[in-house]
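Pasting the structures here.
In the two assemblies presented below, chain A is common to both, partnered first by chain B and then by chain C.
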Partner chain A sequence: MRHGVARFVTGFLALPVGLYLFYVVWPFLQAAGYSLTDWGGYSDRQQFVGLDNYIRLFSDELIRKAFWHNVFFLITVPLFTIALALFLAFLLNVGGREDKAGIRGVFGSGLYKVIFFFPQVLSLVVIAVMWQQIYRADGQGLINGMLMKIGLVNQDDPITFMYDPEPFLGVPAVLWWLLLIAVWSGAGFYMVLFSAAMQSIPKDIYEAAILDGAGRFHTFFRITLPLLRDTVSVAWVYLGFIALDMYALVFVMTPSQGGPNHASEIFASVLNFTAFQKGQFGYACAMGVALAIFTILLAAAQLRITRRERIEY
Partner chain B sequence: MSTVTHTPGGLAGPDQAPPPGRTPAQRAAVGGGRAGGRFFNGFSHLFLAVWAIMVVYPLLWVVMSALKTDAEVIRKPLSLIPERLQWDNFARAWTEGHIGSFFFNTILVLVGSVFLTMLLGSMAAYVLARYEFPGNRVIYYMFLSGLTLPIYLAAVPLFKGVYNTGVVLPFLGPNKHLMLILVYVAWSLAFTVFFMHSFFRTLPTAIAEAGMVDGASHSRLFFSVMLPMAKPGLISIGIFNVLGQWNQWYLPTLLMQSVAGEPKNQVISQGLIELSVNQGYRSDWSGLFAGVTMAMLPVLIVYIVFQRQVQSGLTAGVSK
Partner chain C sequence: MSVSPDLNRRTLLRRAAAAGLLVTPAVGLLSACAGSTPNESDNNAGEKSNDNPFGLQDGSAVKVVIFNGGLGDAWAKEDQAIFSAKHPNVTVNMSSTQKIKTEEQPKMATQPSDLIMNSGADLMDLSTLVNEGAIEPLDDLLAAPAWDSEGTVADSLLPGTVSDGTFQGKFFVVYVAFTVWGNWYNGALFDREGWAPPKTFDEFFTLAPQIKAKGIAPYVYDAVHGYYPRWALMASIWKSAGKQAVVDIDNLKENAWRAEGILPALEAWEKLVKDKLVLPGKLDHTQSQQAWLDGKAAFIQVGTWLKNEMAATIPPGFEMKLSDYWGVTAADKAPKDVFAGAGEGFVVPSKAPNKAAAKEFLRAVVSKAGSAKFAELTKSLASTKGSGDNVQDPALATANELMKNAGSDLISVKLWDFYADLDKESQNLSQELMAGRLTAAQFVDKMQAAADKVAKDSSITKQTRNA
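The block that comes next holds the complex of A and B.
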């Protein structure tokens, strides 16, 4: 019997663990190893340089820039996406008519949910290629074309979107335009998530509140929002990962994948540039390890901050 | 606005129906509400409709632009109604733009990778969730740690590893479908194991014990009792994996490179990136729009048909 269990366990685990070790764990370990060398990637010549690559990270101007851009996305993507998603979910669930049964959802909320969810099922690449056309810096682009038609934008002076490194509120404009895409594609998904969470709140809590004379704004801010805390914090963690992963948009949309003039560089784009354009694989691996450590610390911090006593109902 | 908001809600799922227990007459009696409530109701509709248009309009614009001639795309970029429907844009994108072969490669890879991800992922998750043995925790945390590590970190060694494997076993080298399948499976395992692990934990033990008493072997118990019981979880994680792997672009861009000058076996996301970069030189706008349309319509249609499953599948993926 015991022998059978051992054989069964090994048999079931062998293939998945083997694949995982070979294609995921081993590359990560190798990367950590290369980060201590000056390997160029194309030759077999490599020298152990200790922590030099890591020390170099701190004085690298490009890395510092990319770091702050990552931090920008890390703050703004969850903030704006969650705010908009909550607002939409609020309208959807309490925007309807009021009657003795309480406040109901808005008419057609099912259809809205289906539509708002669209961007979630599209691939990031499709979204990027599509927005590239929307953001075109001439009258052929959707936004420029519209604004020119109603006379808000001069024919000879269109909005340059992806080619605009000018800072707005201290952050290059191109990053704000990328942020808009991220919020556009994420809001619907989190709205559905929040909506589902709102609907799982028992109705009698609301009934009690309405009996006490609370209006829809009061019930939302005093009851719904506090009870959604768990869901919102989970959303925050997930959006944090997405924010670190804006690379697809930067890769497809910005000039020379991080441009103009490095105005939209993020960690991942600098890493790719260093590894494949500059041929400094050892140094690129050090960036990757730093990014991994940063991600893990961040995830741990977020989980700690957002953890609170659960409210059971 | 009205066309968007008041289309008969054939798509609306049953859970969106207003709370039961109220006849139309009753509703009419109290339906007036306060003036503030009515204003707020109007505002809600307006804002929701504006956002709905912001989501749908760009998609519609892309589909409609795909049906224009190149000249029309440049001359009248904004119009939603093409002068004449140019279906041959699609034919051109399918053959000359290679969208056809992108689709073929994507489907070939996905059939294998999704099936294997589900099978291997639930096998590993089941054993880790249900059997005590030394090393159990270590293996579980090893899978878990893969969730936080950025894929870019592993890029260079991964490519090197695949390249070296290809020297010994050519069918597992760069630009091979089977290699991409195995890489997809390996990279999807972390989340699949994590998700299914928590799912198998929640299944009751009584049924498994009954099966053991009846003399079922461990693997028979898994395939004919536990796996069918885990069906809701399998559907969720299945949808998650299909979409995730369909949308994957970094791994194929890295690994489906031609090493000996043979044509690349590109998947759809990877191919679209190349198409969008190259069209800068050839300026085949309508072809590009057609390519994007063909990449997004199948997913959108599948989503609209199975919208309830997709929504709950994806949100379950987050809330677990």
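The block that comes next holds the complex of A and C.
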């Protein structure tokens, strides 16, 4: 890079970087600072307590419960979202007929793309409010109402969705219902991401495979998936972050923000309760810092595990 | 200039991660904790007089934040008019919101509003505010002359208002509404069917089959917010076991939850759930209130803000009437005590720039004229005496009547204001009991365990109530 260009670029970057440092990085550092104090959040009185808050984290039952709920999402959200997105992207791009024009998606794939992508343009809170109506736990809810009409659900015993802590496969039902929303709202974006990646795979590779007699199953697992490895692994990291958050859904949808009776408690909801209800900002900041460290470690590990030679085409 | 060939998605991601850019979930959480350096100013320098007891300065401004919930905010604008008539040179900047904590907490340590109505689901925890010294004691307001009646401000308030707002011996919270809780029913329906609202669970369990026979669920409640059913549970406990039992619970006395009379009260609720007397489904407050208005359920338990909250959808011919919470049997210890108290509290932050104006504004809010407007516009009683005398409304009238026939004590529970942990636990357990997942005995065991845990935790400041 020539010298003049560097100055030009710096000139443009100074302001945004300055804003970023002040409004993003500085609050981070402040939070890390507060995590070493017993600040209550409503005054300017605080005492330095060292690592006490972090030690307390390890013996906090509620945090442990929330941590495992986050781990549940950490595993399931990327897994189901990516699986669904890959499946849809495959159908839309290479799942259709094979003819003289080569390989193509299923009929009407353009329309499907728009439909599947649609949740992505809605804010998460809008999605949550919409699903509240879908999940409404009486005859006026969309799902309950329909199932009652066709007689699958008893009028006097509606599905309670967000109010159901009964474990299914060892995990409270409410978490599975939340997972469904997360996957539904996320799959569309990753479908588009995977579609774009699939379109950059040269068509002649597919044609060669088809000439050799490969069916859809084999083209997907032998060609598409290996060539998408890079994109999938990036998607996995992003979805991991989303899974560690999940705050908006839990906050808007569950009773008592993490209920019923702590069945949907996650890191962020415990943090919120600790900071704003109990007035223990120092301890809450320690939770935030711990979560940040965990996230960074996770991303680093993930990128290292999936590191591999790139295929150029 | 071209993009360097080695900058692919992976490396970009890796670099971004290294720079902390990608700590997405942590971003909001981390910055939520950030504050900044405090900045104090005080323009408390006006001349003090009987008409201006706090030395409010002409030309100053006061920022007032109103909670715009079930009661709306129209009444507050009337108070502003009353205030401005006396102090035309003081600028009132009034705003209303439902997100009190979200908007006000971040400013508390630095530059808060002068007067905050701390109410609703998103309120700032009171015990924390008091313990942190974040709000101002308002004892001088109580001693000040009333705005437009004889005597002091304290004299003009309904009983319970001062004690409800008192923490650790000092008066911090000015509650402006006086709420009466109980079981609401449709007077027209009950007259038509010849039903009388029950006084005890025994009577309710006798009436319930008749209600059910008409295709109406006997009971509905808000299953989303745990503090709704908790009011009713605690009222039954008070009526059945007597005042001292609840005082002991609030004071974290050993085995307070095992006192005589508490378990039978909770067992009545367990039976109500087990006998399927509740409308099926899990509804929130407005959904359950609407279901009740639609005639799907006979009783709903909630406070006197109900009428105002549902004003838009009350069907013609529906007669909203309030009856007292149910005791358990005729042998209850305090059958006549009514669950009522001052609510919708205003606080003045310690760091407020214009505390004198905030207090003066409060004096206008609890004035005779202000409180009359409050009752008229909200159909709820104000905490000032005589606010509802000139309002014609059947809902308010039954509430008034309930208060006139009430026993010597008002039912009040401090537990949830004293300790955030027990607030959460009691809400959760109330929901579990009402969902039929806990028995009354398990409820008692778990509440006792939670109370013991708080009692032993030295990091939690203990509070006591005497009466």
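Just so it is clear, the second predicted complex is superposed on the first by the 292 of 313 C-alpha atoms of A that agree within 3 Å, B and C clash if a C-alpha of one lies under 4 Å from a C-alpha of the other, contacts with A are read in each partner's own complex, and residues count from 1 in each chain.
Here is the rule we go by: contacts are C-beta pairs under 8 Å (C-beta built on N, C-alpha and C of every residue); 3 or more make two chains touch, one makes a residue touch a chain.
In this text, all values refer to a predicted model and were calculated from it rather than measured experimentally.
In the superposition on chain A, contact is made by A:Phe116 with chain B only, not with chain C. When the shared chain is aligned, no partner comes close enough to touch A:His218: not chain B, not chain C. Of the two partner chains placed around the shared chain by superposition, chain B and chain C are both touched by A:Leu291. In the superposition on chain A, A:Val234 makes contact with both chain B and chain C. Within the superposed three-chain model, A:His262 lies in touch with chain C and out of touch with chain B [touch as defined at top].
After superposition on the shared chain, chain A has more residues touched by B, the comparison being chain B against chain C. In the superposition on chain A, contact is made by A:Phe189 with chain B only, not with chain C. Shared-chain residue A:Arg64: touches no atom of chain B or chain C. In the superposed pair of complexes, A:Phe22 makes contact with chain B only, with no contact to chain C. Of the two partner chains, chain B and chain C are each touched by A:Gly139. Where the contact sets of chain A with chain B and with chain C meet, they give residues 5, 23-28, 30-31, 34, 41, 139, 231, 234, 244-245, 247, 267-268, 271, 275, 281, 284-285, 288-289, 291-292, 295-296, 299.
Listing the residues of chain B that touch chain A in their complex gives 4-7, 9, 11-13, 15-16, 18-19, 21-22, 27, 30-31, 33-34, 37-38, 40-41, 43-45, 47-48, 51-52, 54-56, 58-59, 61-62, 65, 73-74, 77-78, 120-121, 123-124, 126-128, 131, 133, 139, 142-143, 146, 148-150, 152-158, 160-161, 182-183, 185-187, 189-190, 193, 217-219, 222, 243, 246-247, 249-250, 268-270, 272-273, 275-276, 288-289, 292, 295-296, 299-300, 302-304, 307, 310-312, 314-315, 318-319. Of all residues in chain A, only 1, 5, 23-28, 30-32, 34-35, 40-45, 136-139, 144, 155-158, 160, 162-163, 165, 230-231, 233-234, 237, 241-242, 244-245, 247, 255-256, 259-262, 267-268, 271, 273, 275-279, 281, 284-285, 287-289, 291-292, 295-296, 299-300, 303, 307, 310 touch chain C in the complex they form. On the chain C side of its complex with chain A, the touching residues are 1, 8-10, 13-14, 17, 20, 22-35, 38, 101, 105, 108-110, 124-125, 127-129, 131-134, 223-226, 276, 279-283, 287, 291, 350, 420-421, 423-424, 427-429, 431-432, 435, 437. Residues 4-6, 8-9, 11-13, 15-17, 19-20, 22-28, 30-31, 34, 41, 88, 91-92, 95-102, 104-126, 129-134, 139-142, 145-146, 149, 184, 187-189, 192-193, 196-197, 199, 203, 216, 231, 234-235, 238, 244-245, 247-248, 251-252, 267-268, 271-272, 275, 281, 284-285, 288-289, 291-292, 295-296, 299 of chain A are the ones touching chain B in the complex.
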